[in-house]
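Chain naming follows the written order as A, B, C and D, and within any one chain the residues start at number 1.
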């Protein structure tokens, strides 16, 4: 273990809090890190729930106000896992207080908030204080490897993108409202929650940005029972229904078409109504020299098509991305021994810690998070405007 | 074999001519038909090529002008397999001459032509003369069975459609121009050729129509070598390149979003640039009670998800659609012994012959073909109009 | 069409009769053949059933005694599709009468019969009269291509074979007896019916023979209702149950381990009790340089693993065996448009006709059929002998 | 966290040591445990390597002799992760000293050793000291769920088993010797290392034991370069080759056929020569009412076939075993968010801790481990005896 600590305070103790805690706990045991993450303080407004989570996950102490940790000289990194509506205030204050920040995605609920955050991050970076957005799927080995293949030119000129992030936890009309269905807290529905992943992953893999979009947001079920918070398990996405009803104010499905900066066109879908698809984040990218296909439900696999193969040997190759030669994998298990959802969080932490130790901007930066936010915003504006083509700039 | 013949003249001897000939040859050997198809006359402008095809495929004689067969009292059915630009003239004349018509899809190159054809078909039907459009994928057993499942309510309320018809035969920029890339002959590119299949199949399965669309047509490669017709094999799609160049005047990819009559939203893609996908016509339909997934590259399979299963037994079931209890299959082989692309043409013929013998309108009618044409047209208009939402009516 | 006819008489009109008839009907329409197959005479003991089948399938006339066609000077080829117990008598007589013979697999019910047949075939070959066994799966393009890959050295030294031919039509204990469950008629159960395919295909692909085996034959259900022949459809495998019972005298499952001539070891299974597997003939072959995997339920696909790929690009490639560059496929449809079970019979006929026209021994010869019979026999003997290792020579 | 500690000493710090450490670290953070595992002492002969591993994995102290921890009053559980040859001595001493024991599989290198261990375990159990074998795959949720389906009668009478544990890390002839290829240390090769998993998992799922076997052990490459220990990473399976050569004294492949206690027959294969298969542990189980299929390379999935479905809805259902209703999964992530190889070790620990706290025998017991050892031994004896059928009792 390295001698220099990286003392962390984490804000929020939902699903993301559990995943981030696991990364702090596990990553240093498999990777050689230049700094030793210390799980110092867990922050949450509900004192009892926060204490319980801290004990369960191994945080040394708790706080009920994020300002406490922002002002705590014994904290180096603020990890923001609370709902999108809280991001801007916490992140800006933390950066101004000289704390590094890891902020869950999407960066914010509005472009204006994201702009504030990116500006604060830029200012902080000049002082050696860095901010990163938690688009963790960049660190799924198969996705990192997909990016590597594109960068190596194996796909040639990229022309076509298909990205579908498919879940089905809202198919049941009697499923309850949660903060994720409330525009005030979540900013948007499937668009920001999982569509943002699709945008970031496609941009990351292709090295192109979505320059203009035509979008359609749709809500299938507009009224749902309110959440019974007392009956809902910490870390659960769907929650338990209570007896009163509330309005769903976000999209259930987001469909959009995009033109990418390098000339590709793409279709994107983010939905919580893809019956039977539990967490099927699927990406297919087609180029002049090859193609890639990925499905998060089989996250240890990447399908790669090399158009340069002889005519009778053409086909998608199912690569098990579990070799020591693959990104991140050498630290884990022997070939063929799979990893799961949580491991991407460890990889994200490893990269962050290495960058912080080297006084280097980690990716994705808040500027990148802001750009994704602009795309989300353009999709919403296009949807409001009869799906008219809309620039993301 | 039944005593009453159904004397057929077929116009065109390309890829579709080969497929239709196989149906005339094979269907009566496996299905009990009320009429005996007779392969009478093959029509083509190139006399030598037509004679060669007729001999190869087993047509009794040839003609070089379609008017000859339209006026031939010994012909009962005109089967139109020539390019889209020729459909309207032949079909209208044939129907007026009292011939039944089977016309390849898409019905026509323009809505105006399709309207003429639908009007002629309506008039003919009143006299017991029937017209049918060759959306043959309706007769792939897995697709017919998918429709059956929807009709039986197994999917509940349909909310989401994803349809991608993926080919890659244009990925190579040096691939030649063919009539399929010439707007004057083909009407459109991937949109009409394979997008039409996607529209028809989705409408067929769901029982809903696409009421409005937002579309994007895109051409990646705008100039290609002209086709060397002498070096190109009859029945080939891609052809052999010559030395001169021509302009591609159709779309390489068509992307569109649609609202369906029953409240579903859908994303559609038809492309010849999906590197590595040879003939991957993929459909996924999600409802409140279940879901379906299909891929034409595995056409003997249908995936079905029943949301009513116990929570620990949820999953997509891979149904091998090769049981005697499945549509059309009892006529073929024992369970598990697969059929291929061509068999849909036999099923189409079987249904047509049964309907004609019963003096019953076969489906899809020209009116249905016209409706698909209106959708294609709406996609084009939307694409021209910055992807603005466009009604298909 | 070629001028010289190949006048055929076919004995038997069950499932195989339907498949062979389709080949005679279709192959000449897609392939350029040096001889024109003529469907002359269909032979069957049940006069009415034979006449019905002949009319349905397009045979010019019928006979009730195979001796009639053996002695008919207007017959060139006898195609034997009747049960295994009849093969030896018909085939030997036909060869001695100077008729070419195509005989369904397995060649015979006993090694002694097969030896007689192989001897007759050898004698006939010296006079330009040829015999072939109908191991039709050799002509599934994916399997032929697998053989090509092995021959080209792409697998290196072959070390491991896994072959499972899985069906489930006997899982229901109330399913009826058919001739396939009667040792007197069928010779053996799953072993000879589908195990023989596994042996032949593995030997064909690897170029190695099974030199010794250790086997286990097992019958799960020893008594079944007798077949109601009047209620059973011609061409059906499973049949309809009557009210009386009979003894199952063949194996339901055959499991065996083998040593191959080139040093490989293999495991084989042929079973009609693989619940849920309808016709899953699966082969996996592992070599020092690569590997292959195939499943007949997805017969247009071959999975190929090239161990020479870079460490991060290793994986099984799903090759859609539908390119013009693949065996047999150029004659059929454009790339990605699949073929089915029946097409292998056309390919078999094409090869047979080409060989006959060239006065060349077609493969597999009766000598090869005899060798498979010896392997089947060795498996039975080993099973009787407590699975002791048993030579196949 | 519970107040009562479970103080652990772990012997060995190879691949298994890393996996077990992760379980001690992680399981208490996701599951409510009645005892708090404490990572007290890591034992290894190489002092420096042991210290390094202890620091990396978070063990409080180290010891170089396992006797130290066996005699340490502050240790409650001895976790044996060292090579098979060391198991008997350590386990028996630990049990006699009143320590609970978790011992990696296979239980021992010989039946005699396993008998000693089982006897010691039985004696200890009478005093409330318990022993467990680490057949961790029992705790892969899909495998536990498979067992549940069988127990619930969903497969009916089980008739057929196919189990293949496929790896390919020895395909390269120049790959080095490791202790796993040395009979003196490892007891056997693929048979004991991965074949033991196949035996245990099949017995666990079916509730039947392998009563008799016919086996074949085979070594493809009999001489290999010796391992360069200094260049080989701790936790690696394959290792780095040095310049001298050694004899491979274990099997590369183990093939065996078995009769199970409930009447099923099965084929088993364990091999390190399945080119392209990295860790493909595949199990298919066929019964009179249903079937199951599993592949460890896709360990979050179980395929289930219900023969009671309507004839047109038969098929294998791909169940994503990630629902809260599935074994162990409620403790982890939301549905569809996958887990990996290491999670089975956490589940194993959870079950062990719950059993120890309840003074209840955990499974699999040493008696079960002994029974697996007897099967392994019977396979070896059968192989030596020309694959003759051999009882496992």
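Assume contacts are C-beta pairs under 8 Å (C-beta built on N, C-alpha and C of every residue); 3 or more make two chains touch, one makes a residue touch a chain.
All of these numbers come straight from a predicted model, not from anything done at the bench.
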Via touching chains, chain B connects to chain D in a minimum step count of 1
Return the chain whose centre of C-alpha atoms lies at maximal distance from the corresponding centre of chain B.
D
In whole angstrom, what separates the CA-based centres of chain B and chain C?
35
Just how far, in Å, is the C-alpha centre of chain D from the one of chain C?
42
At what distance in angstrom does the C-alpha mean of chain C lie from that of chain A?
54
For chain A, what residues touch not just one other chain but two or more?
277, 314-316, 320
With touch defined as at the start, can you tell me which chain C residues reach chain B in the complex?
1, 15, 18-19, 21-22, 25-26, 29, 55-58, 167, 169, 235-238, 277-280, 296-300, 320, 322, 333-343
Chain D contact footprint on chain B (complex, rising order)
145, 304, 309-320, 323-326
As the complex stands, chain B meets chain A at residues 155, 159-160, 162, 164, 168, 171, 173, 214, 216, 218, 220, 253, 255, 257, 263, 265, 267, 269, 271, 273-277, 284, 286-291, 305, 307, 314-316, 386-389
